[in-house]
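In what comes next, chain A is part of two complexes: it sits with chain B in the first one and with chain C in the second one.
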Partner chain A sequence: MKKFLALLAVIALGVGIIKTLDNNVSFPKYGEAVIESRVSNFYIKKNVTEENSEVLFGGSDYETGSANFVTSIVANYRSFDTLGEVTVLFISAFGVALLLGSKEQKRLELNFKPNFMLQVGSRALFAIIVMVGLYISIHGHLTPGGGFPGGTIIAASVLLLYLSNDKFRTNIRGFRFMQSITGALYVIIGLVGLFVSGFFLENFLGTGIVGNLFSAGIIPIVYIIIGLKVGSDFSIIIDSFLTKEVSK
Partner chain B sequence: MFNTVIEVILGLLLLFLAYKAIDSKELIKSVMYLSAVSMLSVVGFALMQAPDVAVTEAVIGSGMVTALFVFTLLSRKGVKR
Partner chain C sequence: MIQIASILLVMLGLYGILTNRNIIKIIISLNIFEVGLNLFIVSLAYVEGGIDPILTSHSASSTLSFVDPLPHALVLTAIVIGVGTTALGLAFAKKIYAKYGTYELDEMGVE
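Up next is the complex of A and B:
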């Protein structure tokens, strides 16, 4: 009876949502939105300050030279928001380490024992996964993905090592160091933009040819920094979750 | 037409799997259904031509969160799996 009532409530809510949003002025049919009348048009054409023009693959000297326009929004037009996101991740990693950390720590005992094949196989996989994560971070301005998924893939490889060996611990001091250094570097790049071009996080390098690996100014640099930072943040969180205090 | 059929099947499967994730009694099965929901939503994002969101969802929703949940469940004693 309870489940039936819940189902009825969900169906009523769903019908209500569809009736309110369907064929509305602000909510056109799926796939039929008029892009020309929206703000996103400026970002897709990669031309905010001047007149709108087509951006072609292989052309040069555009406002932001990244082929992937999501990246051009995340790491160029809205880079300040990304700085905020990275700060939120930093604070959450810091909070987890503050709550769960202590001076002497050891690994949590697992209920299962990883066998030899798993240990060797995961070490071989580790290198490949780290390489894929770095690749996705570095090619963030050309292909889908970028710093956040890339960094999470790096952290996933660390999690794989933790999963396959119940004595293993990463060099957590190194990750702490990298977390602080990359966070500082992001702000420093922003400050350099402030002094060179007059705006915080301004793209002060040349944008180059669309589609090249070395293009789009500071976007690849920022995304590599974000990748390393997210990877070290998540690795610290994983380490905090899977260790415990040494009881005397 | 073909895309529409795929999308409808995908939506129904997503609803069913989400219901199973809430309803199943064993926690490990619940985690597995949740992982399947994220994996199918990756297909949905790819069909809606949002590859960036799809990559992020595949890595975080279906890889990282599932691994952490399973790992935590396996390392806790006295929890009914």
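Up next is the complex of A and C:
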């Protein structure tokens, strides 16, 4: 009976959503969106605060020099939003450590005995995976990716070490330190922008030539900070789930 | 078509949240709900024949037809928040299992 009521409510909701969106004037059909009438048009043309008609690859002195438009939104136009997001992630990692952690932790035992080849091979892969993660974080303003995928890849390398060796634990104090330092650095960069240019998280460095590695002002710096912060947050979450309290 | 599929995913996730009595299954339903919503928001960005919103040497001018970058940025935020809430929910589930010895909400507190 309860399941039937739930089914009725869910079907009513779905039919309601589809009926409302069908043939609605303000809701374009799939694939027929008009970008020129949306706010994204300003982000693509890079003329939110300055007059600008066309952005060229290799051009210089735009209001933000990121070749990747998604990055220019995440780390420049809506950077305050990203600061809140990073804060939520910090609180989540903090909450997991608070719920599952205690003063002394020891590793959960794995069900199988990892052999020598698995341990050596995962260590060799670890270096490559961390390098890929850092590369993706640093090139966030030129290629798809950025701090969030890069940080997740760094945390995945830590997870690989955890799963291939049941004696292994990372230096969790180091990750806590990095988490706090990178979070503080993000706010400090915002405050420097406030004092130099008058707006919080303003891009106070030169934007450079679109498409160069050293361009786009503070965007690469912010994205490297986000990559390290996301990596350390997820590593702390992984460590909390794969350890248990020492029972006395 | 893909928008109707994503709305179906949202309905499926909501049905799972309403009917399941197992904590792990509720968290999985929440994730299905979230995937449906993310798919819906990304589908709003698609433009017929649009290219990905990155300036390269092959697509060197902003006058070309790009897909909308703003929903991509919003979904990037939503995915990370989703991972955070899932991790916190699983931590609560682990704590509850340590106290009651079960994941079923109906069996808790009954000896």
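As a convention for this text, the second predicted complex is superposed on the first by the 224 of 248 C-alpha atoms of A that agree within 3 Å, B and C clash if a C-alpha of one lies under 4 Å from a C-alpha of the other, contacts with A are read in each partner's own complex, and residues count from 1 in each chain.
The rule is short, and it goes like this: a residue touches a chain if its C-beta (ideal position, glycine included) is under 8 Å from a C-beta of that chain, and two chains touch if they have at least 3 such contacts.
Everything quoted here is computed from the prediction, not taken from an experiment.
With chain A as the common reference, chain B sits beside chain C without any clash.
Shared-chain residue A:32: touches chain C; no touch with chain B.
Contacts of A:17 after superposition: chain C is touched, whereas chain B is not reached.
In the superposition on chain A, A:56 makes contact with chain C only, not with chain B. Of the two partner chains placed around the shared chain by superposition, chain B is the only one that A:110 touches, whereas chain C remains out of contact. In the superposition on chain A, contact is made by A:144 with both chain B and chain C.
By the touch criterion stated above, A:81 is placed in contact with chain C alone, chain B being left untouched.
Contacts of A:136 after superposition: chain B is touched, whereas chain C is not reached.
In the overlay built on the shared chain, the residue A:175 is in contact with neither chain B nor chain C. Panel annotation: after superposition on the shared chain A, the angle at the CA centre of chain A between chain B and chain C (CA centres) reads 40 degrees, nearest 10. Once chain A of one complex is fitted onto chain A of the other, the partner contacts of A:68 extend to both chain B and chain C.
When the two complexes are superposed, the chain touching more residues of chain A, out of chain B and chain C, is C. Superposed on chain A, the gap between chain B and chain C at their nearest CA atoms measures out to 5 angstrom in whole units.
The intersection of chain A residues touching chain B with those touching chain C, taken from the two complexes, comprises 68, 70, 144, 148, 234, 241.
Residue ranges on chain A touching chain B, taken from their complex, read 68, 70-71, 108-112, 136, 144-146, 148-149, 152-153, 155-156, 159-160, 162-163, 234, 238, 241-242. Looking at the complex, you find that chain C touches chain A at residues 1-4, 7-8, 10-11, 14-15, 18-19, 43-48, 50, 52-57, 59-63, 65-70, 72-73, 76-77, 79-81, 83-85, 87-88, 90-92, 94-95.
Residues of chain A that touch chain C in their complex: 2-3, 6-7, 9-11, 13-14, 17-18, 21, 30-33, 35, 38-40, 43-46, 54-58, 67-70, 72-74, 78, 81-82, 85, 88-89, 91-93, 95-96, 99-100, 142-144, 148, 210-211, 230, 234, 237, 240-241.
Interface residues of chain B facing chain A in the complex, by the touch rule stated above, are 51-52, 54-56, 58-60, 63-64, 67-68, 71-72, 74-77.
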